[in-house]
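What follows is a set of structures for review.
Across the two complexes that follow, chain A remains constant while its partner is chain B and subsequently chain C.
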Partner chain A sequence: MKKGHLLPAQEGVSQAVAGFLKRCLEEKIFDAVVAPLDSHAGYNYVLLDDGELLDKVVAMPPVMPVQGAKAVQSLTHHGNSKKIAVVMRLCEIRAAVELSKLRQTDLENVFFIGVDCSGVIPLPDYLERARDKPKDTELMLRPLCQVCEDFSLAGNDRVTVVDLHVGTMGLGDSSALLIPSSAAGEDVLRQLGMDSKPVEEVNQWSTKVGVIRNERRKARKEALADIKKKVSGLEGLLEVFSQCIECHNCQSVCPICYCRLCFADKGTSADTADDYLQRANVAGAVRHLPEPLLFHLGRMAHMSLSCVSCGMCEDVCPVSIPVGRVVSLVSEETRGIFDYMPGRSVEEELPLARFELEELTEVEDV
Partner chain B sequence: MTTILKMNQGVRAAIKDFLRHLLETGAVHAVFTLRKQDSPNVVSYSLIADPEKLDEATPFYPVMPGNAGGLLSRITLNESFKDPVAAVLRPCELRAFVELVKRQQGNPANIVTISSICAGVSPLKASAQWESDQQVDEYWSAISNGELPPNIRDSCRICEHPVPMGADIVVPVAGEEEIDSKCSFLLNSEKGAKLAEGMPGEIGETEQEVKEVEQIRSFREKQRSELATELEKTVAGLERVIETFASCTSCHGCRAVCPICYCQLCEFDSSRSELKAQVVETELRKRGGIRIPPGTLAFHIGRLAHMAISCVGCGMCSDVCPAEIPVSSVFWKVGKAVQELFDYTPGRSVEEAIPITVFEEDELCEVED
Partner chain C sequence: MKKRIGVYVCECGPNIAGAVDIDRVLEAVLSLDGVAVAEKYGLLCSGDGKKYLVEQVREHGLTHLVVGACSPKQHELTFMTVCEESGLNPFLFQMANIREQVAWITPDTEKATERTIRHLKAAIRRVLYHTALEQKEIETNPDVLVIGGGMAGISAALSLGSSRKVYVVDKRDALGGKALKYEKSSPGMANSADVVENYLRGIETDENIEVLTNTNVEEVRGFFGNFLVKLRENDAESDARELRVGAIIVALGMDPLDSEVLSEYGYGKIQNVYTSLELEQANVDGKLGMSGGGKPKSVGIVHCVGRKEAGYCSEICCTVGMKIACYLQEKFPGIAVTEFYQDLSIPGRGAQVLYEEARRAGTEFIRATNVQLSESDDKIKISYERDHDKTEEKPVDMVVLLVGIGPPADAEKISNLLSVPLGKGGFFTEEHAKISPVSSSIEGIYLAGCASGPKGIPETISQSEAVAGKILAGLVPGRKIETEAKTSRIAENLCMGCQTCLDVCCYGAISYNETRGICVVNEVLCKGCGNCAAACPSGAASHQHFTSRQVYQEIAEIVK
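So, the complex of A and B:
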């Protein structure tokens, strides 16, 4: 990366980012900003055009109560005429891009600002323990954050949708990098006269990110192998999902599961009382239908290609099913077949939307 | 006078024997109850037709993996069971089912209901971590010590109706100190009495219809008034309501597990609840910022408006909240106020009409102009 700007951040990255956004608003580069704000109750995405509210921006909250793509969706679902800068994690930006392919977001006027992500703490743990002592280092990150490779744009060719990236890793506490990653991003820095080309800092940043990525990559392999062992075969799957109480929290917080009414909640597959009784007669005993595993298999069939491995689903499971890790594993395999990376770019078509004459021949009848 | 069947065995074995008797005599064709799954410490509601499979049944297991009233309503939504089925439900589950029947969401025909004087259940998040039977053993030993079990849901600690209403058969559990050696079944209806025919045990009459042990009742009352006082401090007033629900992630899990929230597509997931460009403009101008997605608090208040009158206080909502909002406590408090206003007890009887469906000429005059 040859371009970039070093942003002084003596008062913290959040203040630096807030200052940058303030300037963008003043210069009318954007009409409004979407960013996480710190309120007494935690962190929420807020759409704002008020300079004072910007002081409450937290560039990288330690927790993800709502997947940012949902905020973008809520704002742009019916089109969007305002020019908006959105400050989010890469997994959130990528989900917003997937949603645009599914016609659920309109990114026409959206400018994405990514931020180096050090991962988030599971919401229940955060609320329970960290609210009063946010610096408690003993809190573990979300299992999927622990093995995330796409936490930064440095050396990352798997994500090309970010306009401007805020690099923080490996830089100490007093500065941050603004790295343009699209023509629009370069344009914004040019308009603001921000182009200090901090070669040394960029190197420091890339090196640090590279080190962490290598560790994560290794950890991811192990973690997925571990989960694979657990869910292998029907028995394994049944066991992992047997605790499911079908609250469908995983589906409702999933940024990709956008259906207003899920197939699983439509009741189309509902058995009548007598069907149910007959099944009980045949099998001796039947679990309340439908079997929860069916819901999860159906959900994975619907969304695994677009799964960004954000881990929201696992955060909200009341019975601690490692649902995020299972879906992420399955996603890795289904994506692999099509060499598809969700949220890599807006142009990359969803594999299911694309016809290839020669494809998946190995599963054809010969 | 109520007919009572007294048995010289612990309640957990007796209920299984009773259910087995029902299946073997053909009195019912299946039993709907909690059953252990293959994975350790996992239970779920099941329909059991084979008496041998009753070994896996665990009717009074202290966990509620879903409000069975809601589950039964979904099964019987389009048509009732054609053959008799026995359903073992907790009092709040039975009440939820009755509320749903009133709303044409379930059909009680051919279902004989067996309920218990309930000692409460563990929060799901806790029971999901159980690795042995230790907590279950503690639950039962607390009962035999005449105490309310430790570590039960808040909603169970303050439960106003641990005694079932309208069940065909009632099995006293809470406060029964000899629960592991003796138990009794109260046969509240003719149907119930008929089912018990041929069961080993002593049939008699009892004056007392059903009673919960005084000590436990007063404990629950005390907990209730303490919670009410606490809620006055923590939740009353708009500002505190906003604060209470501020950490809501809008997953709407509370609604998904609520037995009363039966709508297939909730108003708050409909297009009418989506953010409108005009609202964005106005809010930005007025306040400089708008939380997105919006409508966090409106959802809860709307839900309260829709279902508080029928809230049975089962506590499922709090159980699944990832943000640890005391949803069920707030809903209990609001529900109680609304229900008292109309002198209505949700689930008391199928005949009792839901207040909003009844026209009274003189009603709520105090809010009239």
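So, the complex of A and C:
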């Protein structure tokens, strides 16, 4: 990598990023910034154009109460956005890109700043520690974070939508890297005269990321194989999803689930009592509320191509169904069919919307 | 109102009666909720059968009709008409295909009877969830826009001019197109320019035909019967002109295949290497000969230039090559003409005659592959492999490249304007290559001539006249047109405006309403294919006659 800038971060990466954002606002490179802020002992995405408040920016919050793509959606859904810089995890940026293909975000004036992701702690565990445990209690990351390969931009050709990336891994505590990843990103560093081309640090960073990625890749393979064993066949699916209490939390926090009213909530397939009785006669029994499995299969069909494996759904499941890992597994296979990578680029069309004359020939004439 | 369903099973001669125990079927369905009557009949599609059904609907005061008979493809319309005659909304009807899907494929009577009962129960269940749909009628404008003033465009215009206003638009400064470049047209060797001029005189004298040359189509909106077209003259200064027409004919013609293939033959570098179109033009202009003056003593005609790259045969080049051989021999007596062909395509009544004529005149035909040209001492050396093994060479004075026919240069632009997709080779796609070769996927937009693929003049004129026939029959001045009743709908409270439906709609029937942030179906354009309903992630788009509930209920019954 020939470009980039080494950012001093003696007071931590968050302060360094805050300083950088402040300069960008002063130089009027952006009109506003969206970034996670530490507020009232929680972390929230906030839209600001105020330098003072930027001191509270937390570049890499330990939890993800809201998937960042939802913040971008709420801001830009109706267009007309001014130039904003958005600081987020890569999975959040990728989800925002998926939503742009579904016209739920308008990314024309959005400048994406990615940050090396140290993973997300499940919210219940985090809150429990804050309440009852010593502050330094070690907590596990979300299961999908433990096996995530796309946590950094170093050596990553699967994400091309980031404009500027903040590299932190393998650099110690006192510096961070600003790596431009688009023409706009290069432009911003040029305007600010940030061009120290730190060769050695970039090497350190890439090496460290490479090491972690290799471990993660192996772990992901094992984790998905494990899940696959669990959910195989109707029996396996029922085993895993029978615990579902149909709260639909997973649907409401999923950044890709963007429908106004979920199909599952419309009652389209609801029957009369008499019909249920007839079905019970045929099937032996009919569960009520009916069809939690249908709901999850529906989500797999609808979400799997765009799933960015952020793990939000799994975080909020009150009965600990590994729903994120299941959808991620299905996603791995469905997008494999179309050679599709969710959030890789804005131009890559959703497989559903792209017409190919020769496609899925293996399922023709069966 | 209490639902009263009438169930009628057609014996279809021995077809169904011989394979299914119909009496048992009737007994099984008669007890179902809502079924008022269940009967069988010999042949429901016969005149008497239809009369019987009309009487039954009236006599029993039926609110829904289910017919178990043949494939809906064969007689759905027949029975929908019966419904109309008897005062029943034709969409409160459902057909069960118990002939093709049961009787013909189930040898065991017991099993066939069971399956028939399932199919009928599914149809009965489904029809309960049908809603009455109304066909709408809309006013139409009978006028026609023809894009392209070559042979295809002008012959279509001439066939239509007697009954309506026709606008012929061409971006060039005169009509006539490529056919004006030939002295004679193969295979019949009729005088091509004469034919074209004859047509052009017809155009000039027809008051109903307005010719707009140096003009481009800029925008097309609307639908069959009501298109709004914006035209602008080539110089951008002029104001746009708006026209209202009911149908559009795409008659853009062709352009020779891409020059990249040509450069492989040394075209542009080696002197006296011409494309067939250039030679034809030189012939019409009376400038046939060598580039430095003088007469050629030997000519090589190379077939299939660009065929392999394009992936299709251009159909007419072989006869064009023979035509050129014939007139070269006529104009330069004693000339040696050699045709280097890979495969000869000489179908039809005239081509064989032309082939024999060319041979009689002394043309040599060599089956050659891997043809290459190079310069050598004032001559052009043609090296080739004969019969796939022997490499041979032949020096000639002049080479004619029979370049394949490619799509018209404007194809992509016009395709985007009209939402008519381009298919293989970059030509406009017909609605169906075999059974609907001059219609496009958009109703009211038709294809004539080379716009949809390589064609000779006779075939082009047949297409133009076919298009004219379609328009004369389908767009009668003063008559309204009926729109499809089984259309899609988008529920605005569910639509998130993701526009996935826009991508999958083949009829350009959906548009995005920016102020409301939702997608809207144009019910006149919608053909009810259901693509949008299948693709809509939010369940906002639905097909009025294939609602989730209808399909669900039908399947639930059949898999019970």
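The working rule: the second predicted complex is superposed on the first by the 351 of 366 C-alpha atoms of A that agree within 3 Å, B and C clash if a C-alpha of one lies under 4 Å from a C-alpha of the other, contacts with A are read in each partner's own complex, and residues count from 1 in each chain.
Everything below uses one rule, namely that a contact is a pair of C-beta atoms (placed from the backbone, for glycine too) under 8 Å apart; a residue touches a chain by one contact, two chains touch by 3 or more.
The model shown is predicted, which means the values in this text are computed figures rather than measured ones.
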Joint occupancy of chain A by chain B and chain C, clash or fit: fit
Once both complexes are placed on the shared chain, angle at chain A toward chain B and chain C, C-alpha, multiple of 10 degrees: 100
Touching partner for A:34 - first (chain B), second (chain C), both, neither: first
First, second, both or neither for A:261, with chain B first and chain C second: both
Chain B versus chain C as contact partner of A:203, first or second or both or neither: neither
Touching partner for A:302 - first (chain B), second (chain C), both, neither: second
Which of chain B and chain C A:103 touches, first, second, both or neither: second
Contacts of A:191 with chain B and chain C, given as first, second, both or neither: neither
A:78 touches, of chain B and chain C: first, second, both or neither? both
Which partner, chain B or chain C, touches more chain A residues: B
Smallest distance from any CA atom of chain C to any CA atom of chain B, in Å, after fitting: 9
Chain A residues contacted in one complex by chain B, in the other by chain C: 78, 260-261, 266, 279
Residue ranges of chain B touching chain A (in the complex, touch as defined): 29-30, 35, 37-39, 42, 44-50, 52-53, 56, 65-66, 71, 74-83, 85, 107, 124-125, 128-129, 243, 246-247, 249-253, 256-257, 264-265, 269-271, 274-277, 280, 284, 287-294, 319-324
Footprint of chain B on chain A - complex, ascending: 32, 34, 37, 39-42, 44-50, 52-53, 65-66, 70-71, 73-75, 77-79, 81-82, 123-124, 127-128, 238-239, 242-243, 245-249, 252-253, 260-261, 265-267, 270-274, 276-277, 279-281, 284-289, 315-316, 318-320
Complex contacts: residues of chain C adjacent to chain A: 493-500, 503-504, 517, 535, 537-539, 548-549, 552, 556, 560
Complex contact set, residues of chain A against chain C: 78, 102-104, 258-261, 263, 266, 268-269, 275, 278-279, 282, 302, 350, 352-355
